[in-house]
Structures are given as C-alpha cells and as structure tokens.
C-alpha cells in the first residue's frame, strides 16, 4: 500500500500514522526526502486498512491500495457476475426489462399492467407498496396491503416482483413477496437498511442516490456485498444537476459505461426517474442500453392521468412496446440477449 | 387555491384534475380562455390537497396554495418557535453552542472533552455512538456501548447530549441517553426514521441532506412536525458542489438567511462538515451566525490526529474558545444572547 | 401574453408593470381578485417584450409568452433546419462526423490525421489554432500559423474545416480558412463574439457552456440567429457535475433529446470532452446518436501520448473506425443517413 | 517536482514523459518499484513545466509542484497585496464598499445614486455601460454613451468608477473612464479579454464564473498577472447550485476564506448576484465580511421597480446604509478599517 501524507505533518500526526500501520503488521518506508510518500509492505492489504488510513488526519490520500481489493472491484479478466431473479437475468451479455407502475394502488389494475408488460417481455414487475415521498401529505403507498396485492399478482400472472423496502423492520415481510428487493435512491446511504437487506439473501436492486458519487454508490453496494450476498444489481437513475427545467435528473450515461468496467456487478438504467417526463423516457432508455446497461426499469401506467404518484413520467404500454423493441434491436447489434422467460417458465 | 394546468391537456387528464378537486369539496373556475388557470374555492385548503395536485400529471404547478399552510411555514408576524434541550436554547434571539467529538471512542476522553467544551459555553455535547460511514470498512461507532458512555458523561459532567440515530429500531434506546436526537444528512429523506423520531417526543436536530433542496429539507421537517412534535431544529451543514478541491461542501448561508424568514423553526449551522478542514471552521462559523443562525454545532477533538473519523475537520479546544468568543461578539452586535446554563443549572 | 406578478406588490411596482405593458401597446386585464395574474392582449407579442417583463422586479414569471416566439423555437410541425458545411450535413435525418486533433501542432501530422479521419467518413476536420486553456502557462495554440496550416490541409486533403474562434478580432481571419466557425463552451456567453461570428455568415458550431442551462444555451444561439444567420448547430459536450472522479463532465443526453423537440436547429454531441478519457468516448458517442443527435465531434490523435492538450481523451484512428461503424449502424436503425461526401465531391 | 504517472503506462507514453522532463533540464528518478512516482530535480521548477506535465496523457497528477510557484500563490509569510483604485483600498486590513446601479440608464439618476452611495462610504461606483445578458432581446446597456455618462458622473461627484468590459476592442475606450475594469463572471474564461485588460494596466475586478472552480478562478487571475499587472481583486459572487428556488446562486463563503489563505490578492464579495433577491443581500454581505472579504460590491437602485435589469436584487440607499453600518462594525471587531476617502480626497 502507498500513502501520501500531508505536507509539513506535525510529529504527533506522523507518529499516529506509523503506529497504525505497524499495528496492522506493515513495515514502513519513506520513498522521498520530504517524507510524504510512505510505502507499506510485509502484510496483506485489507480494505479495512485502506479505510482506516483514509480516515487518518495525517494522510492526504491512499495513492495505491495495493492488494486491498474491495468486493465490488472487477478483478482483471473477471467476467460479469450474473444476477437472476424470477425470469430476469442481468449481466453476462443478457439484459432484462423491469416495468410497472410507480405505486401499487388497485389489484385489478396492477394485474392488468403485469400481464401487459409481461407480454412486452418484462420479466419483473416493479411497483411500490412503500413509497418514499418528499411530502408527508403525499400518498405513501398501501404498505402491507400493497405487498399482499403484489403477492396475488405474482401468483396469478407469473411475473417476478421487485419492490422497494425503506424500513429495516419491513425487510422480512417484503421478502415474502419479492423476488428482488429494491433500495431506493433516498435510502442508498442507510447502512442499517443495507445490512438488513443484504442479510435477507434475495437479489437486490440498489439505486444510486441522486447526490451520490460513483464511489459512494459502489461503497453502498459494498455494504450489501459485505453480508455475503453477491446478487447486487446497480441502478443508475439520474443525478441532480443545476438545470431543473429540462429533465428531473441528469442521466449519468458515463457512469453506466464506467461501472461496466470498474465492477463485475450488473448495471441497469431507470430512464423514467431520470427524465421525469414521459416523452424523454424512450431516448434515455436507448442511451442507457448502448452505454452498456444490462437492463432497464421503466414506469408504466395505463392511465397516467390518474396515477397517485409520478404520473408525469409514466409511459403507456404502447410506448413500452417501442422501448422493448429498441432494446432488442440495440442488444442485437452488440450480440447481447434480451431475457424473456417468465416466472413460471423459469421455475419449470 | 390556484392551479396552473399544462398546456393542451387531453380531456382525460383535465377531467382527472376536476374530479379530484370536486372530491375535496372545491368549486372550480377557469380564469382564462385557454383553460390553464384553475381557481379552486369554497373549501378550506389543506396541505394534503396541495400535495395531491402537485402529483397530478395534468397540473403544471400550484401557483398559490391559498390557506393550505404547512406546519413549518412561518405565519405572518409569528415569532420564532424556541426549542430547549438540556441547557440549550435555540431561537427567539438566543443561540447555543453544541460541540464534541465526531464519534464516541473512549469514555475518559469524552468526559475530558465534555468538561472542556462546557467550559467554553457549550450546553450540548455532540458525539456519535452510531456513525453513518461511506465505507463498510470504516469505523461505524460503538453502538449501544457508545450510548452507555454518553449516559455516564451526561451524569458526571452535567452537559446535555445530542446524538445521531440512524435506525428506527434504535430510537428508544437512544432516547434514554439523549436530550436531543440528531437525524443525519444521509437519513434526512428516510420517512420511517423521521416518523419514529418525531413520535419519541424529544427535541430533534435535523440535518439537511447534502443533495437536498431547501423545500425538501422543510418537508423532511414537516414529517417530524406531522407527528405533533414541534421541537425541530434545522441544521445547515453544506451542500454538494462541483468544486471538491477547496471545501468538502458548500455552506449555504443564503439558505440560513432564507430559512429564518420562511419558517419559525430555529436554524443552526455546522461549519465542521461544511468545511471539511479545521482551518476554515472558524470563518464559516462566523458566517453562519451573522446570517442569522440560532446556534452552531462544531466538531472538537483534543488530539485530532488520533480520531477514528473526521479528524481533518475537528478543531482543538483552544480553537473552540475562539469560535465561542466570535459567537458571543457577533450575537452581541445583533442584541442576541448566548445560552450558557448547563444541564444541572437548567434542571435546578 | 400572461404575466404572474409577485404577491403583495407595492403600488409603484405594479404601476411600472402596467406602464411598460401599455407602452408596448397591450391592453391589461387582471384575471384574479388577488391581482397577480395579468393578461395582455391587443398587440402582437414580441420576444423583446417577454425579456423586458422577465427583467421587471414586479413580475414573478411570464406564464405564457403567447405569440412572442423566439427564433430558435420549433414551430409546430416545422421540420429540422438542415445545416451544410463543406460535405457535412446536419439535420433532416442526416448526421455527420467531425473528427480531428485537439490542437493544430504540425502540418504534416494534421494532414495525416485529416486523410485518415476522412477515410472513416468524417466530412469536417476539427482542430484548434486558438485554444482556450485554463492556465496561461499551457499551450495556447499556434494562432495565425495554425490557421495557415489548416488552409493547407483543406486545400490538399479536400476536407472541410471547423475551428474555434475566441476573439472577435480574429473572426475575419478565421473565416478565410474555416467552413464552419466554432464557439467554445467557455465563450458561449460572450455576446460580442456571438454577434461578430453570427454576422460572418458562415455556419456556426455552438458549444454549450459547462455551467449553462439549456435555456441559456438556446438564448446564446438566439444571439447568433438574431444576426440573420440561421445556420447554427448546437453541440452538447457535457456539463459540470459534482463527481469529477469518473468523467470530466456529465453528458446531458436528456438535453439532446429535449433540444431535438424544442428547436429546429441540429444538435451534435462531443463525447470526447464529456468523457475526458478515451475509453468512454465510444459509449458516449453511441448514447448521443440514439438520443437523436445529428452528428458527433470527436478528438482523434495518432499518438495521444505526445499531444500538447487533451491527450487523455483523444482516441486513435482505429477507435474512430469503431465509432463511425456504430454511428452508421445506429443511424440505420432509425432510417437516418450518415453524410459521407467530402469537400471535393460536395463542390463538384 | 514530483509526478505521479498512470498505472500500467505503455512504454511510448512513459518515454514521452521522460523526454519532456529531460527537455526541460530535469534529472529523472523513480521513487518506487512500480515506476509510478517520478521525482524531477536539477533544474528550477517553472509553472510552464507544471502545466505541460498536467497536460501529458501519461501523468496522473503533479503531486508536488516544487518551486514552480504561480504568481497568485501567497508565499509563506507574504502580506496581502494592497490594491488601490480612486479612493478605494482593498487588502492589508482595509476594506472598501463598491455600490451602484446594475446598468447606467440615465445620467441624472446615476449622479443621484453616486452621491448617495458616496455619502454611505462607497469609494467606487459600479454601473454597467455594457451588460452581459442571457437574451439578445434584453437591455444590453448604452455602450459608449453609457461610458460618457460615467465620465460625467466621475468628474462631477468625485467618486471612482468600476465598470465591466466584455469586448477586447472596448478596453481602450473603457480605460478612459474607469478607475478599475471589471471582468464579469461570464467572461472569466476569455483569455483574449483577460490579456487585453491585464495589459491596460488599470486595477481589475475579476469575478468568478458561476461554474468555475477556485483553481480555474485563480488561473484566470494568473492570465492577468502574467501581463505584469499585479492589481487584481478577486470577486466571489456565488456559484451555480442545484436549488434555484431560494437564491440565484450559492455564495461560496468557504472559497472566500480559502482565497485569503491561498493568495495574496484581495477578495471582495458580491452579495447581490449571489442572492438574486434584495432581502438576502444584507445577511450575505455580513457573511462575506466575517469570512475575511476585503470589500463588498452591491447593487443599489433608488427605484428598483423601474430598473432595466436585475431590479429584484437591488437594494435601496437606506438598506445600503445598514450594509455599510454592518460592514464597519464587523471590520471593527477584527481591527480592520473601512476605506472612506473619496476620489477628490485621494487625489488631493
């Protein structure tokens, strides 16, 4: 490991760094006369050491983490980790479509949507029983009743379910229904939730916080991975920019392309939350796929005018058909596949 | 209430808006020929209605919320709501100093810090038993053992305690120790946590998320207020900007000044997290006070070199003395007071 | 036109608004009792009026600009405005590839690059004689000598030239060489330069400022259009975000898709400046095309290691071949064309 | 100088770095086995070298610039550089107030404002003859006629003039009137303008671009300094944030405090453009002064309702009196002085 110390470090701070390094079993050697470059050797690097050094006030930066690889890091030559949930497959040249309403409001309607998005190739239904809302006066989702509706839809339609969990106390109940647990953008930094969800053992869809750097996003995934759960799918859904007049968020397609290189975990794109408006969902979905995404998660509503949340960004089922057709054509260009088998066929 | 509808609204979307409005008991009248401006009258406005209209796909914006005032909004002429916690007083022309280490690491040292910050006028000790960390490999705090240490310090030193809670399952245990519960920047949007903390009935220090707008910040406070708990102190701690080379975050002094006008809730400033470096804590503390803040929360460590988290931004007790002296002088200029009575005196 | 006035407007401010409106020939009528909604009628709306009202302190916003259409706005049903420069065609279902080095450094090498990018289908060569650099100590381009080199390359290779002009005093000299004038991101808001370039009558490539909103970008184009020059191509090249660790800028693909709807002007994407790293140029180029861009501008260098500026983001000619192949395939999916005729053939 | 090279550098890129270093006269020595840390010695460091290395594709970063100090950098122990313009003094414990209208519109009114702001202690009048506007349809200033008005005001009232120049062709004419030339936020990155203004030899007020990092701001100053002109005053006027609902820009008080440490150049704050609303000018002005600013530049208008630009953020002369009183009191706390001598007295 190679540390860069701060310039003109007081002796006490220097001693604190050296003591810590020796405590971990490293030998210390300064590379330069100015005693700013400190090489550590003689012990296997561990990410805990790296974090500790990053926290120390005397350390400017960890220039080289050596062999202290974090779990999300793609080792040289390592292929994609493939995550499967119900009939969906993410990674390894296969992409899946997740679609559904923002919130679960009415069981009959959700069934209708589920059948129709399944007919377009969606292998997972999205739909919130618990909705994170900015205002306490907005519709918060139906909670447990919403989960029961999702269970009914799953049983009847034979489509997998991905649904958000916000409260660590609800993880167990949500697991009874969901094929994949979603951690929303606003919860990305909640370590108690990450740990509880990780331990549940189900595949996880982790959304990037709208104010989170890519490094913070990957370290949130690392919380999940640290529980031993490897089935984490990263979701880029747009970050907050300075121009709120055009799109709700800025879809970070560069991050999608970067993530495909930096980690072996699959990446999906949420064009609906990025756009915040229905007419831009299709172009953003296309952009996500050609940048390398292993799937899409799209908000669909048969009658957006009546939706209790996020109606402005929901597309119709006809529009979803276009998105799915684009997705197939673009995957085809890259010799990648579109996962189409449903829940029943997957479990057959 | 006055709504602005989207241009060229399909009949179905228009009908959905009118049906919703009539369902709330309003009479509807279009003000313009283009049928974009819809005035609602005949029923008392409620914030739930406002939120519902903001969610509807056909509504471009709520131009005037009428009498649908939210709980955080300062009614014309309403004085500050004053929040008291142990010996601290926030608002109504009185400001308080909160100081202490980032994390609770060692009971002897915390006691030492507590005594020394109390001697400088701090009426609340800050210190984390649960630390929200970006990396799972970083020090996460001592948890329950940390809470016990804080209880011991509180009993022996006679200083109030403010400490962060991240997990709704830990609210009860934290309440046994804390005079004030802190909700951290990364948890600002966690509605399950906000509701659980609100119901606990203790004063709350709510930090602004580093990617949150002022409106989102105020609506997070509204979650707390909606539980009937009125003792909410808002904390501005810097927002994420595009230049990470100078300060860790951008202290939004304009938001401090705005909040003092927009809400009756007290506002404090955290110059430590905004600066991310010890040498800029003092100027940012000064800026916060003259912009109208009702207090400061400052990270202090007797030996920053040895801190397990955030050592780079912790100031020494001598530097805290300067901050406290500045605070007194600047409050004095505005004929405001510095709260100095400690826990024992407050309870005497 | 429909204005929303500020709440509780002092009489003097109200009078100022009414006087201005009447001075423009409008009749004024308040739509609501609160006298906040002011409808103006009886005179044709003009963008100058809109701007004036937006400037007035009493006006909260111009809710509806009525018939005061700005020149860049796409009238309903209006087809793309097609811009031609040398052999390049932008818009109307045709897309072009611009490629070349960051800066013009050596005439032999530029000729070699020109021939090789032309062979890949590029119809315009990019290359800076004047380079906007952050530091005065960085290479600033060869100036007039660089322009002469470009003239020589143009004559010998038969490829069109697009090159940046930063100084209004250099517009005339640059016009002698360039088929298209580029206004760089840092100059986007320089009205003296915009007006001078607009008047020169050549097609213009206008880059979006990295801190500019889409509205500001379109109004910069409006300066060009206001001179009577209609041949403006908009270039999205990434905006500044909060995470500088992954890409140099955030490619705003949502803005690309939005611009194709909001204006009839063509839009191209610069994946090189957005990425800031060679390995992400290809995925960003793809994303731009599928979002609707009418072309790409890409930095190419045969030996990036030796470039005097922006070497890190320059791709090799082999990599350009991949980008061009992607571009053809993706345009084909949308039944759009790739413009391939060079300068000689165009003028033949 | 100490360079950190990229990991796994191809031989060609490594050779390019070594050739460049040797060309500058340095001896090269690798400090580590991985050949990533390259120490250069044996020749005096120059900022041109640093810039060149930063541009090279093989260099990850310049870890230590050695003795290659840039002109704006504050050498250890170096006192403030004091800039004087008419009666204004910036730096060295002295602060000045600049006030005036956004644009020069009417000579009688400007004289009135000039007298009234002078009476409050302003030693420089601000006022634009050339106005950078987002829209070509907005009022662009009176140009040369505006400059003539300023000359008349200067002669009659005896107050110094600071006015913006946007076009390098107008520098000479502007110098005839102005005691200090202003470079606006949108022109900060225009090197032709910076060089032309620098060479004019007058003191310069350089505003930070709203999307510029502090490093970019300092390098823009470096363009001015590189002409031999040392009289540069830096102006922080707020940067673009993600929340446009509260203030127009985010005043970066942390940057003010940082700049006072990093450079010997004086720093002033523009609370008017940061706030974008009159009621927050005063708290932001206060925050700027206590963070260390050497002065303020404030927009004042006797009748904001009638202003042709930026009326919403202009304060009245009475409000300016409060700002000036605050400024005196806060400077006094720090044992700093408020410059009050006017033009005539200064030249007496």
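Should a chain be cited, it is by its letter among A, B, C and D, assigned in written order, with residues numbered from 1 in that chain.
Operating definition for what follows: contacts are C-beta pairs under 8 Å (C-beta built on N, C-alpha and C of every residue); 3 or more make two chains touch, one makes a residue touch a chain.
Quantities reported herein were computed from a predicted structural model and do not represent experimental measurements.
Distance between Cα centroids is largest for the pairing of subunit D with A.
With centres taken as mean Cα positions, subunit D sits 33 Å from subunit B. The distance from the centre of subunit C to the centre of subunit D, with each centre set as the mean of the Cα atoms, comes to 28 Å.
For the pair subunit A and subunit D, the distance between C-alpha centroids works out to 42 Å. Touching two or more other chains at once are residues 211, 215, 240-242 of subunit C. Under the stated contact rule, the graph of chain-to-chain touches is complete, every pair of chains being in contact.
Of all residues in subunit D, those touching subunit C in their complex are 10, 12-13, 15-16, 46-48, 50-52, 54-58, 70, 132-140, 166-170, 186-187, 189-192, 209-212, 215-216, 219, 222-223, 226, 240, 303-312, 314.
Of all residues in subunit B, those touching subunit D in their complex are 211, 213-215, 238-239, 241-243, 245-247, 250-258, 261, 274-275, 279-280, 283-284, 286-292, 326, 329-330, 333. For subunit D in complex with subunit A, the residues that touch the partner chain are 2, 4, 7, 31-32, 34, 36-37, 39, 63-64, 240-242, 244.
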